[in-house]
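One chain, subunit A, links the two complexes that follow: it is found with subunit B in the first and with subunit C in the second.
Let's turn to the complex of A and B:
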């Protein structure tokens, strides 16, 4: 059974129980109300009887017409009360009947008393007889009235008892209802624990296990409720995770194998492709050295061209290998002092071409969180570029610094060299792309591609601003710069 | 040690061998140069066995110039065999190779290479390197004392 169905059943049961208890309380309350009404009626009866007794006394003392009239009205009221009384039960009906008879008898006696002639004007003997008769009737009347009162009190007591009984029933019904509800609540708690809380705890445990890497964890819950379905979905999920994970592992192995092949290939390229170039250069030089005197200027020029081409291809191979290594090596981030790296490169460039006078303006304390050896390669390429393209500038200035661009810190290398037309700027970072002729500025066109790869590996970006004849500024920003 | 001993050049590429010989000649290195074309031949020469049995009793070369990429047994294998044998443990070995791979450099030095020289494409640069090598290993450096033959 589904948990929602179980929930509905529990709710319905609880509702029905509450309705039942409410109904019973209402019924018992009705009983109490009814009994109260009866007691009020019997109390009225007793009050009427007491009034009747008082009226009778008054009449006996004064023999006025007013109490006579009052007696008649009270008697009729009592008759009506007795006749209309809805009291049921043998004892009550008997008591009522007795009451009625006694009441009628009392009324009759009262009328007899009223009809007794006055003693005035009668002889002493007659008066004596009248008084005796009056005394007899009066005492019987009073006894009857006394008995009627007793009957009325019996009925009142009976009503009180009924009220008590009804009130007890109300208490019992409330206790029974509360117990039943407690029982239902207990059962519901037990079901919730068995069907909801424990399976959810197992599900939680399973998510923890899977989160900590155990993809083989299975729940095997075969219940047909919602949690059972969730557990089965969970098992299906870990199954597909396992499948994906194995696929990824396979892909990773393939990638590793592929990477190894590339390594082997690069090694071969580095080793074997250079050997023929060495021969070309070496034997051309041998020719020039050993037979220089037998060669004319054109032949010597041709041999020089062979040598230059061989050397250029050697550089190309080296730089391509460098580019591929930049992509393959593992990124090891740490604090890198760019100012220091730039100073070292500037110094070594100065040593290589001591005839050149370039003003270096390197900002102090530029630190980034990056791979040091890769950042060295990137800066080397950028500074070599700036150095190269200021080669024909009279007062060459190369500036390296940091600046905030679009809310992020960016490093820049700016020169006042030949610059270039920004129309071709997007082609600049592709391998073998050059904006100048080889005979103007030498180069392989791999340097900026290498820079871009290094910056991309650091999840940063590189861009350039330039004007022909006014120099170029290369910017790069890295993700996660350390302040 | 008045008589110049030979240098063993282990190189499979004939062009590279010719260029190396030329570089030695131009650097005024007067030692005779023996050539081995693979790793096994190099070890046969050093340990006087196989085709080089007749060398038994002759002194060891003054230094070995070793290419890394060789047929049969590669350069690192040769280096390991040289360092594993008591007779040749102290023999100067210079690795001369095209490779610039960091891994080769590390393995070369960790196996006990005395020097590591990369063959540049530009012959003039190569000449410079060989000159430095010749000066250092043949003139300045005092070789370890000769051990008794096997």
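Let's turn to the complex of A and C:
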């Protein structure tokens, strides 16, 4: 059964229990109300009987018309009360019947008493008989009234007992309801612990195992509820992950082998190309030095061009080797003071071209967690770029600093050089890609490709913002070390 | 336990046994001994039905109360057995109880077991010129002296404003009444069931019966000597509990109850059934009883059944503690 179905069953049971308890309380309350009404009626009966007794005594003492009239009224009232009483139960109906009979007998005896002839004018014997009659009727009357009162009190007691019983029922119902709800709560807690919390804990453990690299961890949950389904999905997921990882591993191995081959190839090519280049440059120089006086100007110029081309190709090969080295070098991360590195590079550039006046603005205290030698190469390329493209700017300013971009720290190298059109920005970090002509700004087009490779090896990213004639700003951010 | 402590401990136990209340010893001895049955003198009338039912249904046994029935022809005879020490308790109408009290006997009522308003009657011979109550004046009426039959006649006469002096009373034993009436030795008899029915049957069509429910409600009670009741409170409580069970049984199973009583009293079931509905079997003690007892005392003194004197206080003669302990709502006596 699904957890949601079980939850609905538990909630419905709890609601039904509450509804049952509420219904029983309502019923018991109705019972109490009814019993209270009966008690009020029986109290009215007892009050009427007490009044009847009082006026009977008054009549016996004084033989006045007023208590006789009152007796009639109370008798009629009692007759109505008895007739209207809806009391149920054998004992109560019997008591009510007895009460009705006694009330009628008592009223008849009262009328007989009222109709007793006077003793005046009778013989002593007759007078004695009359007095005895009166005494007998009076005694009988009082006995009947007293017993009627006892019956009325019995009915009152019964009503009180009914109230007590109903109240006791309410208490019992509440206790039973609370116990039932406690039982349901206990069962629900046990059920949640068994079917929800424990499986979730196993699921958590599984996620921890998988997170720690154990992709073989399996839950094997056979239950048909939501958690069982999640567990099966989890097992399917880890199975997929295992398959994917194996494929990735194979791909990585293949890629690594391929990379190794490419690097070996490019290194070999670069290295092997240097020998003929050196020959070309060397023999061109030999021709110029040894046969310079025999060569005309055009021939010398051609030789110079051969030399320049071979030297440029040499630089290209050097930089390609550098790019290759950047890829192969093992990362050795540690704190790198970029401010200090930048200052050293700036100073070096200043020495190389002392005729240039460039304002360097290097932010202090810039530190990153990275491979120092690679960061030196990256920064060297970026600062050389800035130096180069501010070559035609009268008041060149190069800024190196750090700012927060999209919630992460990013270093930047900004210049106020020639800048470029951002339309071509995506080409910028490709090898041998150039936005300016060789004659305008010299270069191999390898520098920014090297920068991008270094930053990627640090799991960071590099991007640029530029405008033609207003300079360019290169940003790079590195993956923050885990504390 | 070391020997140093053994002697003082044994001495303390022995001393404690000697110092125990004597009642404890008596109770233990009493519990161990076979219980002595309570002897109850029962009138051979349906008024003692609850006691017969309690015996037949084993309610006394259920309560752990051994009972020995001592049969008696009527209530007064049962009370005589009590006076003679041949019974511990007796059932009787209130009249013989009142007379005994007036004679100075220390008796108490344990509980009422039955009451009836229309049972008593005057059965008369029609050919003696008796057709209505007033015709009784000047006639010879048979009564059993000192019984409720005689008191009923007194109450009947008063009810009809006839002077008791205007009738001639003839002492007749209960069992002789039908024959005496049939033989014409008396003009009428004042008696109770089943003698009333027997007397009527003896006369056949020539009988006339005067029943006057307003005159007197006969109440049958369980009576004991005050001394016995005081020393047997627990037994009395058991007796009362058994009687209450019998009352419930009689209410729930009237046919079975009648069969039990008819069998015990060797009565024709039809005869018993005729008067059964008039009987009220209820174990209680009522305030109205005091009024009746006092009225009967006045009558007894007027009729010379006891020496004249001040009206006795009947309140101490009603043993309230038993019913109050078991079912207090059955006691309406102001106390």
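Definition applied: the second predicted complex is superposed on the first by the 245 of 483 C-alpha atoms of A that agree within 3 Å, B and C clash if a C-alpha of one lies under 4 Å from a C-alpha of the other, contacts with A are read in each partner's own complex, and residues count from 1 in each chain.
As a working rule, contacts are C-beta pairs under 8 Å (C-beta built on N, C-alpha and C of every residue); 3 or more make two chains touch, one makes a residue touch a chain.
Bear in mind that the values here come from a model prediction, so they are computed numbers and not experimental data.
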Touching partner for A:301 - first (subunit B), second (subunit C), both, neither: neither
Touched partner set for A:146, first subunit B, second subunit C, both or neither: second
Which superposed partner A:267 touches (first subunit B, second subunit C, both, neither): first
Which of subunit B and subunit C A:136 touches, first, second, both or neither: second
Shared subunit A surface residues [contacts with subunit B and with subunit C]: none
Sites on subunit A touched by subunit B in the complex: 266-267, 270-272, 274-279, 281-283, 285-286, 307, 310-311, 313-315, 318, 321
Parts of subunit C lying in touch with subunit A, wherever the complex brings them together: 155, 158-159, 161-163, 165, 214-215, 217, 286-288, 291-292, 295, 329, 332
Contact footprint of subunit C on subunit A as seen in their complex: 105, 109, 125-126, 128-130, 132-133, 135-137, 139-140, 142-143, 146-147, 150, 153-154, 157
Of subunit B, residues touching subunit A in the complex: 13, 15-16, 19, 22, 68-69, 97-101, 119-124, 126
